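Presented below are the structures under discussion, each in the form of structure tokens.
Common to both upcoming complexes is chain A, partnered first by chain B, then by chain C.
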Partner chain A sequence: MLDLLLLVIQRDLVLAMRRRADVLTTLVFFVMVVSLFPLGVGPELSMLRKMAPGVLWVAALLASMLSLGRLFSADYLDGTLEQMMLAPQSLSMLVLGKMTAHWMVSGLPLVLMAPILGLQFDMPGQELGILIIGLLLGTPILSMIGAIGAALTLGLRGGGVLLSLLVLPLCIPVLIFGTGAVEAMSSGLSVVSHLSLLGALLVLALVFTPWVTAQALRISME
Partner chain B sequence: MNCGYYNPCMHAGDSLKHLHQLSRIAALNFVLVRYVTYTCMVMMAGFWYLALSLPEAIVYNLQNVKILGFLFMLEVSNLACSRGDHRLFCGLNFSLSSGQIMQVQGANGSGKTSLLRTLCGFMMPDEGDIVWRGGSIRELDEDYYAEMLYLGHLNAIKDELSALENLRISAGLSGVDLDEKEAVAALRRMGLRGRELLPTKVLSQGQRRRVALARLLVSDAKLWILDEPLTALDVGAVALIQELIGEHLAQQGMVIFTTHQPLQVAGTEMRSLTLS
Partner chain C sequence: MAINWFKYSAPTTFYGLAGKLIPWFAISAAILFAIGLYIGFVVAPMDAQQGEFYRIIFIHVPASMMSMFLYMIMAGYAALGLIFNTRLSAMMASAIAPTGALFALISLWTGALWGKPMWGAWWMWDARMTSELILLFLYLGFIALHASIDDPRRADRAAALLAIIGSVNVPIIYFSVKWWNTLHQGATIKFSGTSMHVAMQQAMFTMLLACWLYAIAVVLTRVRSIILERERNTTWITELPEMKR
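== the complex of A and B ==
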């Protein structure tokens, strides 16, 4: 079972490496959106510092929406998804593999890029640290919740917009706790509660979303 | 003077040895007791499990007539299927046993692909049952999928990957761990010598179909469900597929397929099912 998980992750990573443009689009979009804010709002440091976590998180949320449409659609169109459903192992495991690969390709680069972008907003080191930890816990949740939406809108015309409308409201808790942790840090409060809640959401998503996504895929394939 | 185990008259080394021996006996005793207790517990649990599940198993097997399941591996009874509001077929009955081949015939839109997809479990039938070795495929799920291979209209190959990578990954998905040598041998038999490492996007339509069909060579599935396997293939490849199907049937395999091209398999009677 673990072999299969690794096989799917490896396959998706190889595919991502051969289609580098897709990976870079997400990252460049993230960098662009975040960089536009200082230009638009003006170079007042105290204001930038205050809005930094919110801007970074919202940009990460939007960037993760960009690549969700491709999560299952390529496999659906060339028939690989059919074969995955006929695999003699649980479909949830395959889905978990796809989610993991998706996060490594579209979530992890955002997390790694965030500290550099945070410096643009003059964020202090400790807050940057909390931001990264928050993003590390939060971006996998975005990939996993997004996968449910991607599975439900599979094969629909104009599915991309529908997907965002479906998934973005579900991501609000992640946004609140993620930005809340950084704000708590800057006002000298404990960040543990916010990060613990993010961790709890991650565990919850890890347990339930692969199964829900697998069911949604079965419905979409009928 | 004798006070329990410790005798001060004894040599210091002796007493240590004595104690050591005692502790070894105690440890052995402890392990034995634990072992026996655990074995008893496991046996009791097994007994109760059997006692509780046996009647259920008997009832289950009687219901599904397991004995008939040996004769007919795949049994379809009273199957009805529709697409939207349009009823494709209803009251469909057939069974297939080891070493048999069946062609599904019918005009375009008569529901051949829908029937095959229903047999794969992609679509829920409106009515009826599909039974594999005595169990409904809905309940068997992964056990059924381990024994069947489906090849649809779509090739399920990735343009960015080479023929070799494609074959190894699709074999891996169906639970077969394929090493490079076997995969290369399969591709060569499919007439793709020298093209194993090319990305499949540079291959022709027929060659891509051959990559997809190479799965037949490396799979150990008993039931093959092939939807138009001969599309885009040249004469040589069609002959090869006929040969492969013949070999599969000789090994007590089963094949259900659709095609609009003539396909002859030597040495077996071709059954046919016509949808109208």
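== the complex of A and C ==
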């Protein structure tokens, strides 16, 4: 089981590394969207400091939507996905591997980039730390919920926009708790409840989304 | 005598049944709307704190409740269709979606109309309004996904899965009042008595019932159209009297 998981992750990572431009576009998009906000709302640091968690989270949400379309489409087009479904191994496990690889390629770089962008918004160190923990817990959920949408819209015309339409509403709780944690920190409240809820969502997503995505793939492929 | 419980789960028989039921639901909905509006506008007294503005709740509350109930019912039908592979369930789910979206929109709209005189703003980002907005997005996602898949079977099944995932969100809407402590006023109707005037209650429940009957009438009408569209190549459709005209 674990071997299979590692194999799928390794395969997807190798494929992603062969096309580094795709990984970079997501990251550049994230940086650009975040950098546009001060230009749009003005350079006052007090306001930017307040907005920073929300802006970073929304930008991360949008950036993670960008790469979702590629999650299954390449495998779908060259027939690999069909072989994966025929394989005796559990499809949920394969899907979990693909989700993990997708997060490492498109989610993790955002988390690593976030502190630098946070400094641009003059976020204090402690809040920055909470933001990173929140993103670390939250971005995998985005990849996992997104995978369901990617599976449902596989091979459809205009799949990209539709995918965002389906997935974004489902990601709202993650956004609320992620930004809520930072706000709680800055107003001197305990951050534990928000982070615990994010952790709970992560566990829930980890248990259910691979299976649901596998079902969605079966619906799309029949 | 053994009763065939599944007789009306076939589109063939349900089409006729729905046709017979629609006038009854439509007429009683119209009557109840009239009664409810009469009680709401004429009988119910003015509210001590909110003045005349509060009367919009007679459509706002039923619409909000309907939008949530209908989502659960839609998800239920979707699940039935997915599990037992029944044709009619999937058709019912896609027939319910537009009505549910309409109620969600009415709820948001009337909420904004109520909010302007009460809060001084058309829109407040409080938990319940936001959840209602998300519910509208979920309905739109369901409709959009269903519409963009050409193969009706795949469309039904994909949309069904989405509806079930989205139904996780509906309890969050309901409990958000308790979870987040925000502007929206708490529940007034509780199981342990209520602080509302009797006439207000009567108006509210009459309107709720009217909304239910309206929703059923409209959904049945829509599902009849869907049956006709999906089964247009079958013999029983071509033999229908309304097709021969």
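Note that the second predicted complex is superposed on the first by the 222 of 222 C-alpha atoms of A that agree within 3 Å, B and C clash if a C-alpha of one lies under 4 Å from a C-alpha of the other, contacts with A are read in each partner's own complex, and residues count from 1 in each chain.
Assume contacts are C-beta pairs under 8 Å (C-beta built on N, C-alpha and C of every residue); 3 or more make two chains touch, one makes a residue touch a chain.
All of these numbers come straight from a predicted model, not from anything done at the bench.
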item: Touching partner for A:153 - first (chain B), second (chain C), both, neither; value: second
item: Which of chain B and chain C A:112 touches, first, second, both or neither; value: neither
item: First (chain B), second (chain C), both or neither touched by A:41; value: neither
item: Which superposed partner A:220 touches (first chain B, second chain C, both, neither); value: second
item: Partner chain in contact with A:165 - chain B first, chain C second, else both or neither; value: second
item: Chain B versus chain C as contact partner of A:189, first or second or both or neither; value: neither
item: Residues of chain A that lie at the interface with chain B and also at the interface with chain C; value: 222
item: Residue ranges of chain C in contact with chain A within the complex; value: 130, 134, 137-138, 140-141, 144-145, 148-149, 154, 157-158, 161-162, 165-166, 169, 172
item: Partner chain B, residues of chain A touching it in the complex; value: 3-4, 7, 11, 14-15, 18-19, 77-80, 82-90, 94, 221-222
item: Interfacial residue positions of chain A with respect to chain C in the complex; value: 148, 152-153, 156-158, 162, 165-166, 168-170, 172-173, 212, 215-216, 219-220, 222
item: Of chain B, residues touching chain A in the complex; value: 120-124, 142-143, 145-146, 148-150, 152-161, 165, 169-170, 172-175, 177
